[in-house]
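Please go over the structures that come below.
Okay, so chain A shows up in both of these, paired with chain B first and chain C after.
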Partner chain A sequence: MVTKSEEDQLNRLEAQVDNAGGGAWEYLCLVRKLKVRRPDKVLKHGLAILNDSKKRSALGTEEWTLCEQVAVAAMDCQSLDVAKDCIKVLRKRFPDSKRVGKLEGMLLEAKGLWAEAEKAYSSFLEDNPFDQVIHKRRVALAKAQGNITTAIECLNKYLDTFMADHDAWRELAEIYISLQMYKQAAFCYEELILSQPTNPLHHLAYADVLYTIGGLENLQAAKKYYASTINLTGGKNRRALFGVCLCTSAIGQLSKGRNKEDKDSPELQLLAVAALEKDYKQRAPGKLPLLTSALKSLRVSS
Partner chain B sequence: MDKFRDCGDIKKDLRYLYTVQFWVFLVSRNANRGERKSRERERGAMAEDLVLDTAIRDWVLIPLSVVMVLIGVLRYFVSKLMRSAQIPDAKLVKEGQVIVRARNLRAAANFIPPKSFRARRLYYSNEENGLLYVPKGQAPNAQAQMFSDPNMAMDMMKKNLSMIIPQTLTFAWVNFFFSGFVAAKIPFPLTQRFRAMLQNGIDLSTVDVSYVSSRSWYFLNLFGLRGLFSIILGEENATDDTQRMMQMTGFGFDPTKSLGAEKDGLDIVQHDWTMPKFERRAEAVLRKLVR
Partner chain C sequence: MGSGELRYEISQNAYIKLVLHALKHKAAAVNGVLLGRLSDRGDAVEVLDAVPLFHSHLGLLPNLEISLLLIEEYYGSKGMSIVGYFHANERYDDTELGGIARNIGDHIFRYFPQAAVLLLDNKKLEALSNGKDRSPVMQLYTRDSSKNWKLVSSDGSNRLITKEPTANVVLLDYMTSEKWQNVVDFDDHLDDISKDWLNPDLFK
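Presenting the complex of A and B:
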């Protein structure tokens, strides 16, 4: 997850580099550290450094990490010849490296040669069945081919062994959501919450899934998780505020016929509405009437 | 004075005797000159304040530390070269990950709904195929397996050797060259029992126990340079002798015992869903925001 300050720093460096202000190497290092995906910028500036022999020798051993980064960015931008050159250089320098092998597999994937890529990855896995990176590449391969069920299978098998890898759980949750298998997605998000309980994004996503599944119990749980997201982000997350309003009105609709055991006071909804209005007034006053009418319709039904 | 009995050479004996006498003379001469000595005499205390020659610091303490640092660095690089690619055992990897996951469950149990928590707990501690359940028969096997597996035994041997040999050599070197004189003074007082340990080469029984020989400086460095190495060499370095020594005693029990421990821990946990509390807290947060 990229924090706001890091994002600001990244944008600042990006603007600086774009206007030929130098600092390209720091920008590339920051991109690599934050694992952000900016292939076009990385390709442009990385190639500029690599082609300039003076700057290249100034890097020393970091040159090869840069080469790898540029190769991946090139594959993202579909400039496959650039990628091939970089990989050739790396292969000459590190003839027996698994990391270069992974890059070659990625190049086969980028070219669309799925069978060869699959063969390459399987051979790597035979050598070392515990290479996490290669496992993940296989899942990506299946996903790129559109074979989502195979992707789910591979990912489940991977998680059977490496069950503490929260990135994998996140990927699985997103795949399940895309297939509308919400209960399984809820399970994955629970795993994420367990491993990182203070990350508000997981609470938010879990609340979304619970709200989508529906049913009174799930709606009440969803409301609680939206509340916890508000708690963890200090009330700044607008999606959570909207979520609270929607949940309360949905709960109200469902329990209209029964006795209202109002443990949850309606204050939360009112407060969320007030916070939203204040926020919109500050940032997008033009949209305020839209907001008020939408919220009014919600309040009427509750 | 064992050395007197061993060496038959009279000249060597005399030389040794003169060295000891010279040091004692030097020490006592400086001590006599020192002002504190007179004050001590007035007070009639037994502890004499020895003023040690600065040459000791220059030629004993600092070179010894430098040599130990260099040997540590050398060992680090040698161990890096010698380390064979470890192919992790399937069962061990899975068990390690299971432990992490179970620990996360225990730590953050209050964040997920009670039904899911109960489902997970059952999944872990189920009698038949729960993840954490270890049938009694398998438990003692781990240690036997550790010693019968030739690869692992070789690995252990290599690691132990790389630790034992430099230690032995350095210790012998220190003993041979730097014995027979006072090297340093410990700033706090000690009892007489420590005399045998700390004042090994010094054969005078009246010297205060705070004055130690270079052997204790060697041991101090051995345990103390660990922090320095973690700064110079980064976290994972082979010079972590003390950790390795602690690990050696507890080897072989790790996976199965910790699984059982996790299972017990999980059974104890009482689930107390924190979400309702969060609702109230969220209200408070929003109230503050809106105001």
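Presenting the complex of A and C:
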């Protein structure tokens, strides 16, 4: 997960490299660090370095890291010949490496040779049953073949052992959401909030899921988590601001005719609306009238 | 009036915008809404524009509700309404219309009974550079009498066409120049509101 400033920095570097302004190695390192997926750029710029013997030897031992990075990007772009060459070079340099073995497994996946890939991964796990990377490749393998139920099973089993793996919890939550299994997704976000309570994105996703499930209690809880997101992001997260407005409106509709105590005070919504209008006035003034009348229609129903 | 023999005519810009959006996010599922109206003679639905929506968490309601609110507000004043939904699956060989697409389609159907759901046809998209196929690289689904979304067979029926017959040629051109990089969807807008989901300069 990447913050906005990290993403801006990455995009700036990318534009610079694209326009032949140099900084390719810096860009590739940043991509690796942030774990983002930009296969076309990595392939293009990484290969350019690898094919230039001067630049390549200037990297020293980092040459192999780059080789690995380019191999994965090549597989993502279906440039399987490039991937094969990179992996061959790595295999020659590191003949007994499990890390290269994982790449060879991924190449089988990229070729669609599912059974062979499964065999390779199973034999890895026999030797080392705690290899997290290989476990996760098996989940990816199931997902790629469309066996979502198997993917979920594998991921749940993995999380029984490696319950601190946040990426895995997030992947599981996303799979559940794509299948509209919202309660299960909520559970995943609860785990994430427990282990990373100051990460606003978990609060936001949890609120979104609660809102989607619906019902008065969930809407009230969702509103709280939108509020905590706003708190953690200094009021800058637009999705949370919108979320507050939606919750207030939906809660209002559901609690029509109920006791006054059940109704929330309107302050939070008024603040959210004000914050949104200020933001749009500054950065998207053309859309401000649209926003105002849309928010008004939300308020009318509350 | 049901959508028994209705034709769906999609404008080139709407069509290309949706496909480019899918190409921008190759590793994810994406969706969008179709804007337009019923033709004067009532025999066709004219899809005049499209707005790309999301490339993550398609199954969550809050952002969808906000986007539909703003979109209806804007297009309502232009005499158009939401006439359908577009979806592209995450995986290349997933040709099924999933639950999320059906649910969103159902919601749109409630307000526009001639609504269509379009699913990106990955194989057709891939084959675009080979042939001279003028038909859209999408599958058409309409609601049948038992409230299910049914695939409309494309053999000879031509119920889904692009208004401009050269749409695929233009699309191929844009694909070569990687024009998808400039497409803005609602996710992008929510992250940075200075990005315009109307994509006013995309085809300039």
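As a convention for this text, the second predicted complex is superposed on the first by the 298 of 302 C-alpha atoms of A that agree within 3 Å, B and C clash if a C-alpha of one lies under 4 Å from a C-alpha of the other, contacts with A are read in each partner's own complex, and residues count from 1 in each chain.
By our rule, a contact is a pair of C-beta atoms (placed from the backbone, for glycine too) under 8 Å apart; a residue touches a chain by one contact, two chains touch by 3 or more.
Bear in mind that the values here come from a model prediction, so they are computed numbers and not experimental data.
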Partners on chain A (chain B, chain C) - clash or fit: fit
Cα-centre angle that chain B and chain C span when viewed from chain A, reported as a multiple of 10 degrees: 180
Chain B versus chain C as contact partner of A:107, first or second or both or neither: neither
First (chain B), second (chain C), both or neither touched by A:66: neither
Which superposed partner A:242 touches (first chain B, second chain C, both, neither): second
Touched partner set for A:174, first chain B, second chain C, both or neither: second
Touching partner for A:294 - first (chain B), second (chain C), both, neither: second
First, second, both or neither for A:230, with chain B first and chain C second: first
Which superposed partner A:275 touches (first chain B, second chain C, both, neither): first
Touched partner set for A:134, first chain B, second chain C, both or neither: neither
Touched partner set for A:4, first chain B, second chain C, both or neither: second
Lowest inter-chain C-alpha distance for chain C and chain B in the superposed arrangement, angstrom: 17
Contacts on chain A seen with chain B and repeated with chain C across the two complexes: none
Of all residues in chain C, those that touch chain A in their complex: 27, 29, 56-63, 65-66, 69-70, 73-74, 90-91, 93-94, 98-100, 103, 190-194, 196
Chain B residues touching chain A - in the complex, by the definition given at the top: 87-88, 90, 93-94, 97-98, 100-101, 104-105, 107-109, 111-113, 116, 274-276, 278-279, 281-283, 285-290
Chain B-touching residues of chain A, taken from the complex the two chains share: 128-130, 160-165, 187, 190-191, 193-195, 197, 221, 223-225, 227-228, 230-231, 234-235, 244, 264-265, 267-268, 271-272, 274-275, 278
Chain A to chain C touching residues, read off their complex: 4, 37, 76, 144, 146, 174, 177-180, 182, 205, 207-209, 211-212, 238-239, 242-243, 246, 279-280, 283-284, 286-287, 290-291, 293-294, 297-298
